[in-house]
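Quick one: this structure, given as structure tokens, is what I'll be asking you about.
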């Protein structure tokens, strides 16, 4: 059973397709993210679901029933806004009670529910505080509580962590996921930050220019991207342009612009000899011990970007590609210095080729 | 020879010590960062060096000469402001020429210098543009050029990447480092983002509550933190409270609150039996293959936080500690699932104990 | 010279014009008026001190009736201006698209810059017996003879609302402009009807603007002279006119000063009451440009 | 979709209709005043007797046009002179005040700030009489004690300037302070850091940034001075500004179409100035 | 140098100013329009400065001078008093002599009475007739002391006689106030100046009104239906004068002006503008033809015999009148 289904949703502003023929289903109780760069149409999609925009075409169903034509205040989807949109003229308790008041619940019920939801989000006793007295993370949780107290079928969250600072954002990622499993509500989460999407979601849709490029579990997107855009957008990766010199089954030989040749899995079955492609190799799949696979590149260590567990080696190859390498940098098994000659290698299956867009 | 020396610098606002007895030296041509949480006094320290605040006590020397009492416009330290502070009423060229004009250089010299600095930062020909026509990263570089054209002894940068978006920030980290080595000028860099400090700096000072906790090279801070604060602030880490049950040379047995016992290196030589401590273990040092060291913990996999190369396993131990584990999560050598029983282990030297503050 | 000395000097230099202005043009003159209001005329050129002028005010119903009438009509005008202006401000700030927004705002402002006198004069030309409206109504056959639309309270109120409504709209536009649409969206999303959202979100949000506008409008109305005089004609009766009469027709500066003090105290009281009731402060409303 | 706008078509039309009615209301008196400036009649009233420009350019009685009416032109000149002086003063003092309140901290600041706003809400008549009374007290005192005749403290241009200045400063201060508040102080620090002296920072960074606001404050003050009546009425001497001349004309001579002509002239003039100030405010320096 | 005149509407027509400035090229005439009350108020505020020549009515000088000391004594040697009609000069002198100093000389005189459109309000004969129900919304008055006195006569009092008896005067004022308040709904509006009134009459909005005869005479020229009616209880006669403010700075110019406007051809120009009769000898003869006709039409011998001169008003009574006027003003009608 799906809490939310979108079928061929399209939204045009004038001639511009902000959302273009998007379909997806969100199963009950799951955490679904939409990940895409700024301006790709994420917010527009969410606003259609919430009822603030009318789709140009397509259908939206909540718990199986179409909500096209239902005004926003009659839909059982609640929304956490990017800048939270907590009401500044009400205190915390009133903010949370607002929706209940709109439903004309009686006073004692409201008080009880507000109290209980504040406890569930771990902020008992803040009801009397002003919104401005809370920290960023606390406000975040109040915004969620304000929606959850209404027991919506679906909770929409539009980049809710965007305004928070680094450390808090890290913490809130985990916390949000916990809240979701606690409330056991369907979450539809929008973000342009891949780590948020990957960490929290059961399923992620990668969106680009109004369209969904791929929908799948985080691991699937990371390990089996279906397009160059997904490969480049989800997770860090090296990315070099090249041209296919030979195709052999699911693999191709690709001549890089710098002159080297690598073997890559075809991301796109339709690719033929001579096609311009981009090659994607993740830093953590590249090894300095030349044993791992058929792909080898020689180069000189350009610099070491020390960043604890995320340290990187920058290796400049003869063909002038700059290669980011993550593996073996931190385990002191291999001590390299700036200027050293090294040989890089990776397995063929870790190297993907996709057609260059356009 | 030091370009910048600060001796026992202190700044009080009323009774509040914003900067408390801070001393450090920055060698010529090096990249020195000050890393600390928001409000710890970083900006105040920098403003004293630039001359916008008078130290309550202590001395500041630039190229060996004290600048206490020198007005800001007479100091040979230039500053890149957090929001850049490019002059909106001047175009790019005028912005860069501003300092030269103040020095009453002649027109042709000014024109030549502006042109050359724009080339060096890789933006030739933007002199006639308005600031508002540039992208965030370009503005960033203009702000630096505006200072560098004056050939300062020291360049101060106050969280210059704070306002940029995620992907751009990643790129600018590398670029800033390149610019510094190109200009070969002493950089004093402020940030609260540890990855910026670690990646770019020759030396980092970790600041907390107005004081320097530790000064050292990035690797040193990461691998040999001298205080609990540094261990916790620099890099991701697990952190459990406990109590020392026995001290043995540089190592101690520590009873965690949940009942387990671990062996940890003493971060603090003065720690005695019975002392309350916190234990720090980095996720990437914890292994699921129970062979690495004396420390073992059994637990059950709570969840997998998938984040590509940065994925984490959350393991809940019997003592209810939540352990973040990074090693072995991504190499598919070990397939664990939520709910599996696992045994965690790590080397003693990767486990540090520091006294609990306060 | 050290830096703190320099900064003290500039502080002093910045303070001087402010202090001179406040002291010489506002505070001392007000004290002067207060002082004058306490001077009682005994005979030609002969004065003593006392509260006689205030007693005269209380003893003469014409005076305090006028003050009360001025006050309640000003309150009425304020309320009407709020009701007339709010939809307009809301339209400009929230409904109109970006381009027409500026144009509409400009259209609102143009009458603001034309003097009161011209505006009142415009109404006279429009409403007089031989004016456009009377003429138009006759042509349309609605009325048979010409009708006089001037010289009654309704006209005065219409004219006053006209002269002040823009001072209501401007602060309202600037507050409503600052209201993020996502607040409204959140209001609907959480189940609020249009009315609920308006009452619980829009109005409270606009409150500083409402209060600022109301204070300015109330003060302007209570202190206005031309509009009630010119449009009210024989029936004007406005307290500022009483003050003017005392100064000009009766050359009785003492009682004129008394009336001035009373007007100031009374209107300030009303404003204070308004601020108290809405929980706002003068600095946070009126000053917020 | 704009959630703030009415959603149903009917409501949208009703709202639009209201806006239309409101703008008609705004325009009605101005338009009707303007129309009769061109009526070839001795009265600004119906019936329409044909189009004429005599009320602007006529040079003979009884249709003496605005531009040939000595007293009106005299009034116009006085208004302009007073306006220019008052605006200059107000902008100068307003700038000082803006710096004082936006940049400095001193004990009692919030109280003084409220005091600074107060002239805006004191009825104009009261400002007028208080300054009249105070100036007379001083003038009389000085005359009695020293025998000096300080005529400038008697009703006349000086007092009019002073009276208008007393509340226009507040407006100028608010306009300038609003922009100064948006000014990022780090721009000044950046300039200092780049080696500029304090005065150079002021001239090259701060004032250029403030220019649109100074300009707007000047125009706003000028327009408000030009149209001011209540305060001026109490302080005016023999050289009355245009509004007073017009008022005298209206109550003592009755409404004649030359007043309509003046109105048209004022509408066009102030409309243009207001436009100018708005463009100045949004023009440059927004980056 | 500048001659700053503080005077009534019409008392400084452009034609006269031009002629004056042509003759005295170094004098520039500036005019401020005013009325009795404002003249006093202005000069009180300025302490007698700001103006060089003012023109209050003869009955309003003494009290103001005693209280505020705003005028300076005239040097009659500089005024061509021999051109003035003697009875008017004497009347003004007696009214304005303080401590042996004379403060004013006459300029023009006239009466206050009623103007009617004879085709529409032929039966308005006295002050109280302006309050007839049939003229509702069609009559006007000037809400100043003249109408109080006129109405007093209409109600059967003798106001000038009551000057000596404040209590009696107050009683009269009370009766007049009541009458005026009840009359308010009849009156269309109160007028302020002669031209103001002309506009009301010419536009047809008003058919009968209290008026200065001078205004009425001017109107007659434009429309012969407007005739001046001396009230049956007597027209109230005023003389507008010349006085020099205490701190006038252009006394010479002031005297020049006074003498200038007594020249026959100027008198005619002046009367054409004001409608009033000059205080020079043979003033009536110097009126323009149309005005002369209007005067003839308005005044028969009986009416002339019935004229009542305004007497100097004692200070206290002025306050009583002021209050009465305020009450009337403040009363609501409709």
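By written order: A, B, C, D and E. Residues from 1 in each chain.
What we mean here is this: a residue touches a chain if its C-beta (ideal position, glycine included) is under 8 Å from a C-beta of that chain, and two chains touch if they have at least 3 such contacts.
Computed from a prediction, not measured in an experiment: that's the story for all the values here.
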{"item": "If a chain touches subunit A and subunit D alike, it appears here", "value": "B, C"}
{"item": "Chain whose Cα centroid lies at the greatest distance from that of subunit B", "value": "E"}
{"item": "Chain pair that, of all pairs, has the most C-beta pairs in contact", "value": "C-D"}
{"item": "Distance from subunit E to subunit D - Cα centre to Cα centre, in angstrom", "value": "37"}
{"item": "Whole-Å gap separating subunit A and subunit C, where each centre is the average of the chain's CA atoms", "value": "55"}
{"item": "Shared interface positions of subunit E, touching two or more other chains", "value": "45, 203"}
{"item": "Two or more partner chains touched - positions in subunit D", "value": "3, 7, 43, 45, 132, 255"}
{"item": "Junction residues of subunit C, two or more chains touched", "value": "128, 130, 185, 188, 247, 253"}
{"item": "Interchain pairs in contact, sorted by label", "value": "A-B, A-C, A-D, B-D, C-D, C-E, D-E"}
{"item": "Sites on subunit C touched by subunit E in the complex", "value": "44-45, 60, 62-63, 65-66, 128-130, 148, 150-152, 233-237, 242, 245, 247-253"}
{"item": "Residues of subunit B touching subunit A in the complex", "value": "37-38, 165-166, 173-174, 177, 192-195, 198-199, 218-219, 222, 234-236, 282-284, 303, 305-310, 326, 330"}
{"item": "In the complex, subunit C residues that touch subunit A", "value": "180, 182-183, 185-193, 196, 200-201, 204-205, 207"}
{"item": "Of subunit D, residues touching subunit C in the complex", "value": "2-7, 15, 18-19, 22-23, 25-33, 35-36, 43-47, 92-93, 96-97, 99-100, 104, 106, 110, 112-127, 129-134, 137, 162, 165-166, 169, 174-175, 177-178, 223, 226-230, 233-234, 243, 246-247, 250, 255, 259-260, 262-263, 266-267, 270-271, 273-275, 278"}
{"item": "Complex contacts: residues of subunit C adjacent to subunit D", "value": "11, 13-15, 17-18, 21-22, 25-26, 28-30, 32-33, 36, 84, 87-88, 90-91, 94-95, 104, 106-119, 121-126, 128, 130-132, 134-135, 162, 181, 184-185, 188, 194, 215-216, 219, 222-226, 230, 240, 243-244, 247, 253, 256-257, 260, 263-264, 267-268, 271, 282-283, 286-287, 289"}
